[in-house]
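We call the chains A, B, C and D, going by the order they appear; numbering starts again at 1 in every chain.
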Amino acid sequence: MALDQTTDPTPNVAKRSRDEIAKRAAADIPDGAHVNLGIGLPTLCANQMPEGKEIVLQSENGVLGVGPRPAAGEEDPDLINASKDPITLLPGGAFLMHTDAFVMIRGGHIDYALLGAFEVSEVGDLANWTTENPKFPPGVGGAMDLAVGARDIWVLMEHTTKKGQPRIVERCSYPLTAAGVVKRIYTDLAVIDVTPDGLSVREMVPGLTLEALQAITGPKLKVSG
Amino acid sequence: MALDQTTDPTPNVAKRSRDEIAKRAAADIPDGAHVNLGIGLPTLCANQMPEGKEIVLQSENGVLGVGPRPAAGEEDPDLINASKDPITLLPGGAFLMHTDAFVMIRGGHIDYALLGAFEVSEVGDLANWTTENPKFPPGVGGAMDLAVGARDIWVLMEHTTKKGQPRIVERCSYPLTAAGVVKRIYTDLAVIDVTPDGLSVREMVPGLTLEALQAITGPKLKVSG
Amino acid sequence: MAIDKIVGSMEEAIGAVKDGATVLVSGFGAAGVPTELVHGLLDQGAKDLTVVSNNAGVGREGLGALLAEGRVRRIVCSYPRTSGSVVFDELYAAGEIELELVPQGTMSERMRAAGAGLGGFYSPVGVGTKLAEGKETRDIDGQAFVFEKPLAGDLALVGAKAADRWGNLIYNKSARNFGPVMAMAAKTTVVQVGEIVDLGDLDPEVIVTPGIFVDRVIKL
Amino acid sequence: MAIDKIVGSMEEAIGAVKDGATVLVSGFGAAGVPTELVHGLLDQGAKDLTVVSNNAGVGREGLGALLAEGRVRRIVCSYPRTSGSVVFDELYAAGEIELELVPQGTMSERMRAAGAGLGGFYSPVGVGTKLAEGKETRDIDGQAFVFEKPLAGDLALVGAKAADRWGNLIYNKSARNFGPVMAMAAKTTVVQVGEIVDLGDLDPEVIVTPGIFVDRVIKL
């Protein structure tokens, strides 16, 4: 699907900021869940965890029970998350050797992994590790391990590229991280479930029409319910 | 080799007791070595470690830095070796999860494993896990892991069976634990190296002749040097 | 709502165990054996069980009792016969129990593979022996290996020293043994401890089994 | 004679490293990176190295310096490009360094397999992706897996918090990361620590890397 957009198709819409996407996704994490936050946008969830729930965040460098970012001046260079940002540790948290952090991930012990993405396909294929630019080395990190190992994969990303091209596509153009793993997508415009019957819109930001959302989404969307 | 012995072929010989076999073997462990003591006779070495050397004993149930047996009344049911006997822990010792104890063993990090045996062949085949008695369940424990993983295998055993049959044989009659792994044998009568050129007697107890030793040993013996 | 894995009764601790389940039982010798949990399983009633345990029970308590009641169809074990393994010895001599004998390190590593989501591994242990009969062998870079498959549990019964409400565990000395790997390898892990501590009281550098591997904890 | 793995000079710590050696370098981001040991390796002079490290260096220090000096032929890594990986980025763009990109958990597990004496393992990670191209895949009980081989080091350079003379180690918080597995996986493991403690001062329940995996320790 090639778009040639010279104007924003969603001009009067209250798009979610990156922090708001993170907060929206975090709100859906069930109480008591063990969750890994991928580097980049998902990491912001750690500062946006819902009140009244106890959620255990894992960071694959070897931390279980990640707390919010420390106050300025309180950072400890030995206490960081997978994005290399300073974190805190909650009471009940534990430090792990790296290999054991991936026992948790690959072994299916993590309930949710919230990941960034370049593209997600209508069947839940995930592309988030390389754009194949020969001048820039690819970085896979723990993306493939998480995509395969965590029970549910949620993607957090902007709905389109900077040029307005859809990131939710019929078929990923970039190399896959894993096939058919994404269960839900949180963007600046909507929350979309990947179901066996296709993409199902759970929620749109105020002022957005399904038509406008469809215009910047590759595969056919339907509305939940 | 079938012997029909009605008299002890080594009547005037100062046979080593089990404790003495253990002490003799322990004396040969190099300073600084990491050593696993198999269940039964080898375990006795822990109480017989040579003075002036620092040797780190591992027990595969998850102890590194095993010390001697505690005084009566000082036993701790949670501090035992692989023979399930009470032990102490030396300063510098550590407790391990079982899997990590076998990372050490299988991964070649243990310098010496001192093991008991039913039979050892002239090429160093080891049989120490089953006599195939259908009424008695076999027990392999860590024997196969140790036999394959430790750098050097020393066997500690009586030179003959209770009936006077050789335990050092041309070919093991019992199922193997591992093929070609034994480097040295300590018995109540002798210390014998397994070399590419055959069995080489390093030492005999006082009063023992090579001829008498040969009479109760399957393969041809030669003398070191 | 706070995570709270501490349960008040043995019934709750054991929960629903189906006939035919695979149960991992921690302990080496007497250290780390969750005898009361095994009695809880006895009371719960599940039968036709496969039990994975380093030893096959001592006396007529714990695993010995479960065996004596005819509830165990099959035991996976490295060293079944120990001084006092009377019930197992009788059943074995009578041909009334299946035994899968596994080298001890292989047993541990197979459980870890299950917990770590691996499909299996190649081990040098047992190559050419009776215990490798029927298993695939493979030459890798000039060395012979045996293919070993993961060993997962439906339920793990673990003995530990102390826990907090998240299920973080510490152990006592050599009683640590199989607890950590069994907690990783089972769908449901139930732990008996001598002490419950407040969340945050366990040093994060010292927690041996993080609560992510634990489902229910009972203090005895 | 007492075991004493503490050495007094960087030269002794690094020892003899051959050209073409595989060097495991601990750290994730800046935490746990043994920068001084990497500088020691730089001074030692070995070239044509394969370096295994989660990241490919930041700035022109440590691994960045080793790369800038052209001493690294090949890097095995999960995430080479981080903010500040200037030297690696230049070498990569110029086609002057080989990169083996490995999923992060697979990298860790491959090192553990080397340390544990395994011949390899089957992982579900990467199945069907470019990173599994050329690797054996296998269906095990209905799931697809990729065969992964052990990743051993000739030398591991590890950063830790404290050590005793046996080489027992503890780490600080998330600086633990790759230290324990790299110490297992290398023929020779050299550790830099901030503190040396008396033998027996480290709680046996708390030692993370037992001295059996450590060859030399230097205090900085």
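The definition used in the following text is that a residue touches a chain if its C-beta (ideal position, glycine included) is under 8 Å from a C-beta of that chain, and two chains touch if they have at least 3 such contacts.
All figures in this text were calculated on a predicted structure; none of them were measured in a lab.
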Reference chain D; chain at largest CA-centroid distance: B
Which of B-C and A-C has more C-beta contact pairs: B-C
Whole-Å separation of chain centres (CA-atom averages), chain A against chain C: 36
Chain C-chain D separation of Cα centroids, rounded to whole Å: 32
Euclidean distance of C-alpha centroids - chain A vs chain B, Å: 57
Whole-Å separation of chain centres (CA-atom averages), chain B against chain C: 29
Per-residue multi-chain contacts in chain B, two or more chains: 89, 95-96, 102, 106, 148-149
Residue numbers of chain C (touch at least two other chains): 109, 112, 116-118, 123-124, 171, 173, 204-205, 208
Chain contact graph, described as a line, ring, star, complete graph or other shape: other
Contacting chain pairs - touch in the sense defined above: A-C, A-D, B-C, B-D, C-D
Residues of chain D touching chain A in the complex: 28-32, 54, 56, 78-82, 88-89, 92-93, 99, 101-106, 108-109, 111-112, 123-131, 171-181, 208
Of all residues in chain B, those that touch chain D in their complex: 31-32, 34, 52-54, 56, 58, 64-65, 89, 91-96, 102-104, 106-110, 148-149
Complex contacts: residues of chain C adjacent to chain D: 109, 113, 116-124, 138, 140-141, 143, 145, 149, 170-171, 173, 203-206, 208
In the complex with chain C, residue positions of chain B that touch it: 59-63, 76-82, 84, 89, 95-99, 101-102, 105-106, 130, 135-145, 148-149, 175-179
Residues of chain D defined as touching chain B within the complex: 1-3, 112, 114-118, 164-166, 168, 184, 199-200, 202, 204-205, 207, 210-213
